[in-house]
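The two complexes that follow have subunit A in common; it is paired with subunit B in the first and with subunit C in the second.
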Partner chain A sequence: MDQALQHLVNGTVLGGTYALLGIGLTLIFGVMRVVNFTHGELYAFGAYMVYALVSLLGINFYLSLLLAALLGAALGAAIELLLLRPLRRADIDSVMLVMIGAALVLQNAEMWGWGGVAKLVPSPFAGTPLVVGPISVMPLRIFVLLVACALLLGFWLLLDRTRAGTAMRATFQDAEAAALMGVRVGWVNTATFAIGSGLAAAAGALLGPVFMVSPTMGDLVGLKAFAIVILGGLGNLPGAAIGGFALGYIEEFGGGYVSTEYRDAFGFLLIILVLAIRPQGLVAPRERVG
Partner chain B sequence: MLNRRTALLSGLAMPALLRTASAQSDGPIRIGMTQPLTGAVAASGNYVANGAKIAVEVLNRAGGVMGRPLELILEDNKSNPREAVAAAEKLVLRDRVPVLIGAWSSTFTLSIMPKLLEYRVPMVVETSSAERITTSGNPWVFRIAPTSAMEAAAFRELLGKFDPPIRRIDFLSVNNDFGRGATEKFSAALGGAGIAIGRSETMTPEATDLSAQLTALKQSDGDTVFLTTGVEQQTLMLRQAVEQRLGKRIVTTGGSFPDALLANPLPPGNASFHILFYAPWFPERAPYPQIAETYTAEWNRKGWEFAGLTEGFRGYDAVLTVAEAIRLAGRAEGEAIREALWRVDIHGVNGDIRFVKEGPAGRESGQNRPNVSIIRLAEGRTSLL
Partner chain C sequence: MLRLEEVEVAYGRVAALRGISLEVREGELVSLIGANGAGKSTTLKTVSGLLKPAAGRVTWDGQPIAGLSPREILRRGIAHCPEGRRVFPHLSVRENLMMGALLRRDAAGIAQDLDAMYARFPRLQERAGQAAGTLSGGEQQMLAIARALMSRPRLVMFDEPSLGLAPALVQQVFEIVQEVRRQGLMVLMVEQNALAALGLCDRAYLLETGRVVRAGSGPALMASADVREAYLGGRAFAA
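Take a look at the complex of A and B:
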């Protein structure tokens, strides 16, 4: 029982950051129909920014997290304006190729700029765990989970309670109709890509101090972000949050009770099962085609 | 022109190298090296590459080999076996190197080995520990690093230094040839010494969250966990073990050292043990202190991460080995260097370097017998066990 509780806590902490990653990716796909292959690299970018701000420039840790997320959003906006906007009428294959190229450029820029050796990011949190009965967790991880949940809530409020959110949802449902109603779709696309990128960078900035920062840290994370949005249903926002937590729990319990050797495989096994039983994802309603 | 004084000051106990220096000057002799300079085990690869670079500098300052300077051509294998093969092929086919050094992980080395047979180029293996590297019948492989079995056997001799004694062990290993090989050999060696074997958990080389593995290990009644992986995952595991209150002694294998924990130490009361092949904090305790001190001084002069010395010596010793083989061969040609490697008998940072035959008769690989030491790390400070 003690072991199960510890796995539950570990899975929740992991799931919170996975949800953050999934939301950003699925938002961009939902609104823009763009498969964002740079998502993992934006995560790494956020982690490197917090490393640079905290370790090299000596800026306050919490301010650095905020700045890293904003810089990630700015980089996302630049990618949208420079790479995606000229391709608005292009076919999906061309867009995918450009995004794969952008991901490679970003990763190699990180290698060139920072070197290949992983970095540790210091945090102001204690290095000893908080212990409640049989469960232990680092204060930093609790902070990460709380911030991830706050970001998810803030993001939901943005979408549900603001004019910008309404414009995004309208574009999400039907871009042409939204444009006819006066929504500036180009602006919505830039804002969407910036917010999705900012969420990825925020996840990287939050997890950088928990783990380590390296140029290839986005590879596996990018793959997992795709797993999360497929689990939840492509373009489905609540689905991405639920998919994130589902992946966190399946990895944690699968690794703990079945085999740690196949820990990363459990998530992908779950995707195969979900696609076989509910091809639209865990949460999304069934769509009629034709 | 040979500078004998520089060579002697460098501490290289290779007077023979000096005798043949300045005999000819046909341009540099190329040595190819592939290491993981990026990716999951990049820290280690960069340290080894740095060690090789300073060995080349030291040798060149002493006049090079046969009067020709050495040139190190370094290719990144990106912590990936496919990239390791591509890097080796590029070094052999495009750069025309007559000899290789590589490739850190056993998985990368094993993936390159068929190419050595195909292109008839010898390789000095500086790190990889999997047994079959030298037992599979590849006569182009010469390993200066210990196998996991050698490391385990050496560790068994030092069991008496642990108090309280080790009674039951668990394993957490990276899921590749390196990790699986270490688990198998340490189980056999320590099981033979009457120590009970408990759980064996694994992780992918890219894994960063090890909470599931640690929670599972916590359930075991073992008193010691053997950890086999690269520097990055060692650091992650040691930090996360504090979070999960693992409460067991942790021993890392393979010669890597989590140097980030020197500047960012674990909370008081958490100590870890590390099987190393060079302990730079104590160069005077090395088998040949003058060589170790020269290597350490050159490294520090560059301002590189001090703890990288623990792995950098592999590159340093590998270059010394290759340089001596080229000198003995009398020419920079693959087959001649391969034959000469059997006659190498030099002093390195780790100790004596000479090869014994391993593997099927007629197709033997070369294997060196290196020295092993154990370092205790607690609160950012190291001590020799």
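Take a look at the complex of A and C:
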């Protein structure tokens, strides 16, 4: 029982960042119909930015997190403007190939720029765990969960309560009708890609100090992001949040009770099950926000 | 005043408009009639900026507007209520109406217009918080019209507003279109129901394969033999 509680806590921490990743990816797919293969690399980019800002430039940890997310959003905006905008009328295969190419370039640039050795990001949090009854958690992980939840809430408020958010959802549902309302669809696309990328970079920046930072870290995470999005249903925002937490728990409990080595495999097993039994995702399509 | 002069539009290599000239004057209700593929919807899309003409001129109050974005054209006072209603299905009725007022910044005026729309369409007020996709076809059409009016346009373009509606609702939609004109707005309407369209309008244009083949007042077009033959049920109607 105690062990189960511990896994629950760990799964929640992991799930929060997975939710950020999934929402970023599903948002981009929902609005732009682009399968974004660079998502995992944006995650790695966020982690490396925190490393560079904290370890190399000596900038304040919290400020570095914010800057890393913003730089991720800027990189996302650049990818949209330079690669996707010229391809707006291209077929989906061409767009996918270009995005795979972009992911390869980003990954190799990380290898070239930072070297293949994994880096450690120092954090201002104590190295001794916080013990509450049978559960022990690193303070850093609690911080990560709180920030992830704050970002999820902030993103939801932006989408649900603001004019820009309503315009974004309208574009999500019918881009041409939105254009007739005066929405600048091109800019909504850029903003969407920037926000989605910023969320991925934020997830990387948050988990960078928890794990190590390495050039290949984006690979597995990119795959997992797709897993989360498929769990929740493509283009389904609440679904992506639920999928994120579901993946966090499945990995944590699977790793804890069955086998640590197959930890990453449990998530993919779940996806195969979901695709076989409920291919529309865990959340019904009619509940979609978009 | 809206004026199109020798406007040509192509989808890829396929010509959709082959030199259309028409105008909508202050206070007029103008109908476009013609068979499927004649270029009626394409004409509206070209005016609202969704399509760019390959040749010809589109002017609004004498200013060229061809090639401007839909946003700029809406800002100048031309609203387009598209074919198939195209309400945002997962936004609430109220959010849909607010989307119509997206470019406006006068909060008080927007609130006033929202109340006016609710007063005119009580069903929309009853369902203000409901997702637009859950409305009936008729209610969605009312919402689409109200949404277009929320921008406070000087010219509204309706594309097939009666399509797919029950007869009683069709009548209601045409009443609303007339009301809009009586309020002093210019109206450019595309209708497959040629009889109703000609009965309602000040003037009409008959389009065939991307060209205007006949223009005149509603009664004049209704009286013309070829219009009657092709679009009003031929001799049966004449008798």
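The definition used in the following text is that the second predicted complex is superposed on the first by the 283 of 290 C-alpha atoms of A that agree within 3 Å, B and C clash if a C-alpha of one lies under 4 Å from a C-alpha of the other, contacts with A are read in each partner's own complex, and residues count from 1 in each chain.
Here is the rule we go by: contacts are C-beta pairs under 8 Å (C-beta built on N, C-alpha and C of every residue); 3 or more make two chains touch, one makes a residue touch a chain.
Note that the structure is predicted; figures quoted are calculated from it, not measured.
> Under the stated touch criterion, name the partner, subunit B or subunit C, that contacts more residues in subunit A.
B
> Just to be sure I read the superposition right, which of the two partners does A:V117 touch: subunit B = first, subunit C = second, or both, or neither?
first
> First (subunit B), second (subunit C), both or neither: which does A:R163 touch?
Only subunit C is touched by A:R163; subunit B is not.
> Applying the touch criterion given at the start, work out whether A:M212 contacts subunit B, subunit C, both or neither, answering first, second, both or neither.
A:M212 sits against subunit B, while subunit C stays out of touch.
> Could you tell me if A:V183 is touching subunit B, subunit C, both of them or neither one (first, second, both, neither)?
It touches subunit C, and subunit B stays clear.
> For a test of understanding, state which residues of subunit C touch subunit A in their complex under the given definition.
48, 50, 69-71, 74-75, 79-80, 82, 86-91, 95, 98-100, 102-103, 147, 151
> Which residues of subunit A touch subunit C in the complex?
Interface residues on the subunit A side: 163, 166-167, 169-170, 173-174, 176-184, 288-290.
> Going by the contact rule at the top, pick out the subunit A residues touching subunit B in the complex.
3, 6-7, 10, 14, 111, 115-118, 120, 122, 126-129, 131, 136-138, 141, 207, 211-212, 214-217, 219-220, 251-256, 260-261, 263-264
> Spell out the part of subunit B that touches subunit A in their complex, as residue ranges.
Residue list for subunit B touching subunit A: 36-40, 42-43, 45-46, 76, 79, 175, 201-204, 206-209, 211-213, 215-216, 218-219, 231-232, 235-236, 239, 242-245, 260, 263-264, 266-267.
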